[in-house]
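Below are the structure tokens for one structure; questions will follow.
When the chains are written out, they are named A, B, C and D in that same order, and each has its own residue count from 1.
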Amino acid sequence: MNQKIKIVNDPVHGFIQMPSGIGFEIVNHPYFQRLRNIKQLGVAYYVYPGAVHSRFQHSLGAYHLTQQAIEVLLSKGIPITNDEIEATLLAILLHDIGHGPFSHSLERNLLRNIHHEYITLAFVHFFNQLYPQKLNLCLNIIKNNYHKTFLHELISSQLDMDRLDYLKRDSFYTGVSEGIIGTERIIKMLTVHNNHLAVEEKGIYSIEKFLIARRLMYWQVYLHKTVLATELMLLSIFRRVNFLFNEKKIILPEQLQTLWNNHWTYDELLHNPSLLQTFAELDDSDILVWIKQWSNHNDKVLSLLSQRFIQRQLYKIQMTREQVNEELIAQYKKKIQKQFSLSDEETNYFVFSDSAENHAYSIKNNRINILMKNGEIKDIAEASDILNIKVLSKNVVKYFVCYIPECL
Amino acid sequence: MNQKIKIVNDPVHGFIQMPSGIGFEIVNHPYFQRLRNIKQLGVAYYVYPGAVHSRFQHSLGAYHLTQQAIEVLLSKGIPITNDEIEATLLAILLHDIGHGPFSHSLERNLLRNIHHEYITLAFVHFFNQLYPQKLNLCLNIIKNNYHKTFLHELISSQLDMDRLDYLKRDSFYTGVSEGIIGTERIIKMLTVHNNHLAVEEKGIYSIEKFLIARRLMYWQVYLHKTVLATELMLLSIFRRVNFLFNEKKIILPEQLQTLWNNHWTYDELLHNPSLLQTFAELDDSDILVWIKQWSNHNDKVLSLLSQRFIQRQLYKIQMTREQVNEELIAQYKKKIQKQFSLSDEETNYFVFSDSAENHAYSIKNNRINILMKNGEIKDIAEASDILNIKVLSKNVVKYFVCYIPECL
Amino acid sequence: MNQKIKIVNDPVHGFIQMPSGIGFEIVNHPYFQRLRNIKQLGVAYYVYPGAVHSRFQHSLGAYHLTQQAIEVLLSKGIPITNDEIEATLLAILLHDIGHGPFSHSLERNLLRNIHHEYITLAFVHFFNQLYPQKLNLCLNIIKNNYHKTFLHELISSQLDMDRLDYLKRDSFYTGVSEGIIGTERIIKMLTVHNNHLAVEEKGIYSIEKFLIARRLMYWQVYLHKTVLATELMLLSIFRRVNFLFNEKKIILPEQLQTLWNNHWTYDELLHNPSLLQTFAELDDSDILVWIKQWSNHNDKVLSLLSQRFIQRQLYKIQMTREQVNEELIAQYKKKIQKQFSLSDEETNYFVFSDSAENHAYSIKNNRINILMKNGEIKDIAEASDILNIKVLSKNVVKYFVCYIPECL
Amino acid sequence: MNQKIKIVNDPVHGFIQMPSGIGFEIVNHPYFQRLRNIKQLGVAYYVYPGAVHSRFQHSLGAYHLTQQAIEVLLSKGIPITNDEIEATLLAILLHDIGHGPFSHSLERNLLRNIHHEYITLAFVHFFNQLYPQKLNLCLNIIKNNYHKTFLHELISSQLDMDRLDYLKRDSFYTGVSEGIIGTERIIKMLTVHNNHLAVEEKGIYSIEKFLIARRLMYWQVYLHKTVLATELMLLSIFRRVNFLFNEKKIILPEQLQTLWNNHWTYDELLHNPSLLQTFAELDDSDILVWIKQWSNHNDKVLSLLSQRFIQRQLYKIQMTREQVNEELIAQYKKKIQKQFSLSDEETNYFVFSDSAENHAYSIKNNRINILMKNGEIKDIAEASDILNIKVLSKNVVKYFVCYIPECL
């Protein structure tokens, strides 16, 4: 059949060729379509108004880059079969389907015992039942159970197509143009060595730039103080709702009721399609509507936090040297306790200490391999003389006190 | 006071200098912040996944271009006082604040007797009470009651900063890069002649391109068949809800109840702050959540339409020569009536005829003045020999039948 | 053999895949390399400092777009053999090789009886001898003697890859960003109907925009008053040199001597390799050096014109209604004749009338075919209701008087 | 007087406001106009065909950025008088006027004892006589004799506007888009501390990226192997011409005769306007024409090298560990000596060893100051934990053997 190729416009990569076959059907499934209403960067649009792009776009973008990467590898004589191509493309298409509302900003707050990567797996198993056994190879590649390791690395590694897309896309939509990376060039430099993805030596400067851009995006966007403050407010709200739920002082929205009713495990999720369905019904809009409703709740803490979230009256953040600066916290608490007539327990929602951490490059998990002209493989940490890899791979932890402006 | 200038990143224009003074306070007011959750292009993101940008960004963008335009006019010796500058900037900042959820896609469905421009006026009057009488001049400029007509034209005319921003922004976010226009050049060519905004003769080609780009955006984006189909499904849902409401067969969400309770007029909106407040509580997320709830409603029509909207199983559209193609409609209705056991009345939600229209340039309302080198003023329709202005200014009406795929 | 694919960076299109085989050898031939030193836009860099791009880049760029266009046609099932692909790619690669120094600015001034397209043909014949009979098909495609007309149209028609590249490239390098066209989209819309290149109906707006952009580039760049004035000064210099040569009052540079020695015809060029070689030795640098030398010549007219060209003291241009404004010319001549002690004959180099013309779209030569959804073919002039095709295809002639500033 | 502001289109920065007053006259002086015909990146266009941009564009671009930087500093309350602004802008406008043909590629080959920065000074002194004493302050700023050190640093330091422009411009024109830096953001972060230019702490990631981009441009463009090989061939030609000149075996072009006639010093250049004039007569075109002429010279070495330069048959470069790899050189020499019947002395032009070096950041000369939030000043080397500053500031020397392909 002369199936018409569908093209979609993407502001970041230009024209994207849509998947065909099962991939096309999956994209049109409500479980995938819901990603249209889930922001890639959670609440970051409170600080970067342009950052309203969705997981849907990102998934298609990463899919597009994977297509390109596979073409490059094929052109270099790396053998990849049609089945492997299809499976790898399905894997990248589905790599983020387990994300819930507001992506990372709300992670672990809905299905609290299941990491989003396991939720993703549950969705992939769901599709593997819907299209019986058609996603077996895809699952193996995701789980890194397939012998061609480099296929897994295309979708999950220090230099996977996921990162290439999100760095470029997030830079583009935030307007932090310095984070924009040369995906086209990096992909052209890809190769496979000893079954692992590697980068040709002449791509070394591009990789250095990729790592630096990533670091820049971390501090300038992902861990931006005000983005953090917004996320913490969102999390405080859910913390309070949970407290009230435990105290039986709140009627939860139906889906949340289901999700919190039980300490669901990955196994239960896997074998309970209606649970997965409930999770899949939620997107950013539900959370926003809940918070609007909670802003009228009779619990003072919940209504105050919710109102402030809606009205963008956010926490302030003050960096501290110590992990917990008791003195500062005490001082701030004292200031507002009277003003808002808060109990000690309640005050903790308005003043508390926390930390944020980041490492731009991890040696342990896996590496970025550079294939030197002499055939040797070196980790970028070794191959690059400029990057202080110890710093780059070190967890940077920043401690801070989080408080409402009235504390000052 | 050395007030620190706030800068915000915008993917379209780069750095935008935020308003100061009252403008800054207004941006931070919940009534303005709500625009963050209202998509500029309504449901167009069903077709152009990148088109998720908000009215918030657009408002800041148009504000930014107005700043630039004023600087250009000042540099050409056009006298504009500081008060006029502030008022004009407030006017552009607020020009879209009356938009409700999904912008044009849902227009006239919440406050059904009040055009969004009057809702905007109500908001401006609200702020004029909040900051007593500080927006008088702003209001006069909006209403075109101020003697310097060109200030009004900066915010509302065939070549206002609103259009310059939205054409560029919509092109950018949809990825339809051909719609991108040279705002910087057009603005540099602006001048004032006889109290009216005009464009210097050498800017004529840029204006031609602006009009062509606008036309392109109309057919390629704003009136794209599938965008239209999505909007029509959204509207059918609200039509059905309204029907059920009149029949007392549905319990409306609280805010909708308030808004539909009465045939509110502009005057009532103006003098009823709590009504305005109710309207201001709504954004895209509420609509999405309502539709999810309605997808389980016991009215078959409502639940079917809502499910299809959520799952992106949209209407098909077939262009017709005639205004109403009775025969085709009858044939389509017949096909599905049995399949879904629908009454005649119910079938009308799944098959119906409609039309879309567009004109890229309107002679009547106002013109784009070109200031010729000899000092004469000509309308672009006259000044340009290339544009068939009769065509450009003619309403193009396209008739079509809208139906669900099962009709085929 | 696993020949390594060469990639070259292009600011306009990104990575360009270089030709292989004969194409690669031709690119490396001195006759092709000379294009590096021939500016695409002649003297336009006197007005647009960025417009220093070369015919070399343009040739590679047009080659790149032709590659893409062929891929699109193949994907739509149009049969094109490998030999035809190679021949078409060679044809576009060589389409501009007949250009001499400063491209159009100096056209017809070196080989005065041979149009640059015939010089191109002579070069192609030269390569067809160097690689015996390997360019036969290429020659037939260029000459439109091959039965698959659409291949010729890819390299020479109203919508050929030459134009797509030069419009985009010239916009890019001049910084007149409004001329930038969506080459990617236009190429995706290409198809073949009845052996002719056509554009799918949904590409109609892109074609409209292409025509408008082209018109904009004509008036804003190619026929810009000061660009014209610069070209006219260059041509006046050559007119004077020719006059002195006829009067035996100048010793020509060696190559110019050869080229002007005889009224060479295309036939002579075809069979006289050393003549072609002489032509091929020249590029922009020779002309600049000659003019520097001529600026010290004892002929007053030649030295004055040459000095002014070097020092960028250009003609002024004044538009006139009539073809020749005798009165104005007389007045201007009178003003400078004394000041510079010029004879009547000499004065003609400093004051004269001339005209420039342009038509953005030609109906006669060939058309842009739009393939409507109903299978009909329409010319864009018919298919588009917006473009006033009579205007677009009409020769616009603008008359002017050209003079040195001292005339005022 | 209402002097009309001149605007020029720049592909890199958009619209550039041209200088007025003396600056405008200087731009129109032939000494400045000659920069139009001097390529910013010398022979790099042999490898990056797009890199044909001129010193003229770069000078205007750096001027533009300096305008912006001054505006930023003024807006932060740094006092700068109008005279200082004018002088600083003249200084940046003229900062590269001492460059000769092919910029760095031919440096020290025309006026062999005078560094191009001193030639620049000579030009500035020339203009200071032409516009008597009007450039005194400009000269002091250039020479760092003015008490406001930060003005000098704007035009010459590790973070001057020269570098910001050339990095961005060179990336743009080569198509190595990864080198593109966020000039707008860096400039917004500029401030002055203790009379020195500094960058606000939050600009630290941008500076890191600037340094990494600069390093990338060094290895990918400025010191690209084939660019180097082209430069070395150009230099070999001049070495041979000089040898023949000393042996009285060549008649030099007139200007070269003048420039080589004497071991001119800076002092002589300063007081000999006709010498400066002779230097100013030369641009890229003269060199290209000379080399074409030399390709027919009867000295075998000169003609061979010149032909190869014209025909782009370049040296090969082979990296070596040692400074001089005698063995390899001997082997290569042996291979070609017979083939081309070369004497030992002559062979040195076809096989030799050389080195290239680079350091991206220099601690000694001057630093990039970061103004920390606590008011402290730190060097970027200290402030950034990621950059291995020892590596960055270390001279990287790469040794290689340079040879013609026939050696293999």
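Just so we're on the same page, contacts are C-beta pairs under 8 Å (C-beta built on N, C-alpha and C of every residue); 3 or more make two chains touch, one makes a residue touch a chain.
Not measured: the values here are computed from a predicted model.
Would you mind telling me which chain pair, B-C or B-D, is linked by more contacting C-beta pairs?
B-C
Averaging each chain's C-alpha atoms to get its centre, pick out the one most distant from chain D.
It is B whose centre lies farthest from that of chain D.
Just give me the whole-number Å value for how far the CA centre of chain A lies from that of chain B.
Between these chains, centre-to-centre, one finds 32 Å.
Could you please state the distance in Å, as a whole number, between where the Cα atoms of chain B are centred and where those of chain C are centred?
Going by mean C-alpha positions, chain B sits 44 Å from chain C.
In whole angstrom, what separates the CA-based centres of chain B and chain D?
51
Can you list every residue of chain B that touches 2 or more other chains, as numbers and ranges?
14, 185
So how do the chains connect up here, line, ring, star, complete, or something else (other)?
Complete.
Report the residues of chain D in contact with chain B in the complex, numbered from low to high.
The touching residues are 2, 5, 7, 14-15, 75, 77, 184-185, 188.
List the residues on chain D that touch chain C in their complex, please.
Residue list for chain D touching chain C: 8-12, 14, 28, 30, 33, 36-37, 45-46, 48-50, 52-54, 56-57, 60, 172-176, 281, 283-286, 288-289, 292, 310-312.
Across the complex, what residues on chain B touch chain C?
The touching residues are 177-178, 180-182, 185, 205-206, 208-209, 212-213, 215-216, 219-220, 360, 385-388, 391-392.
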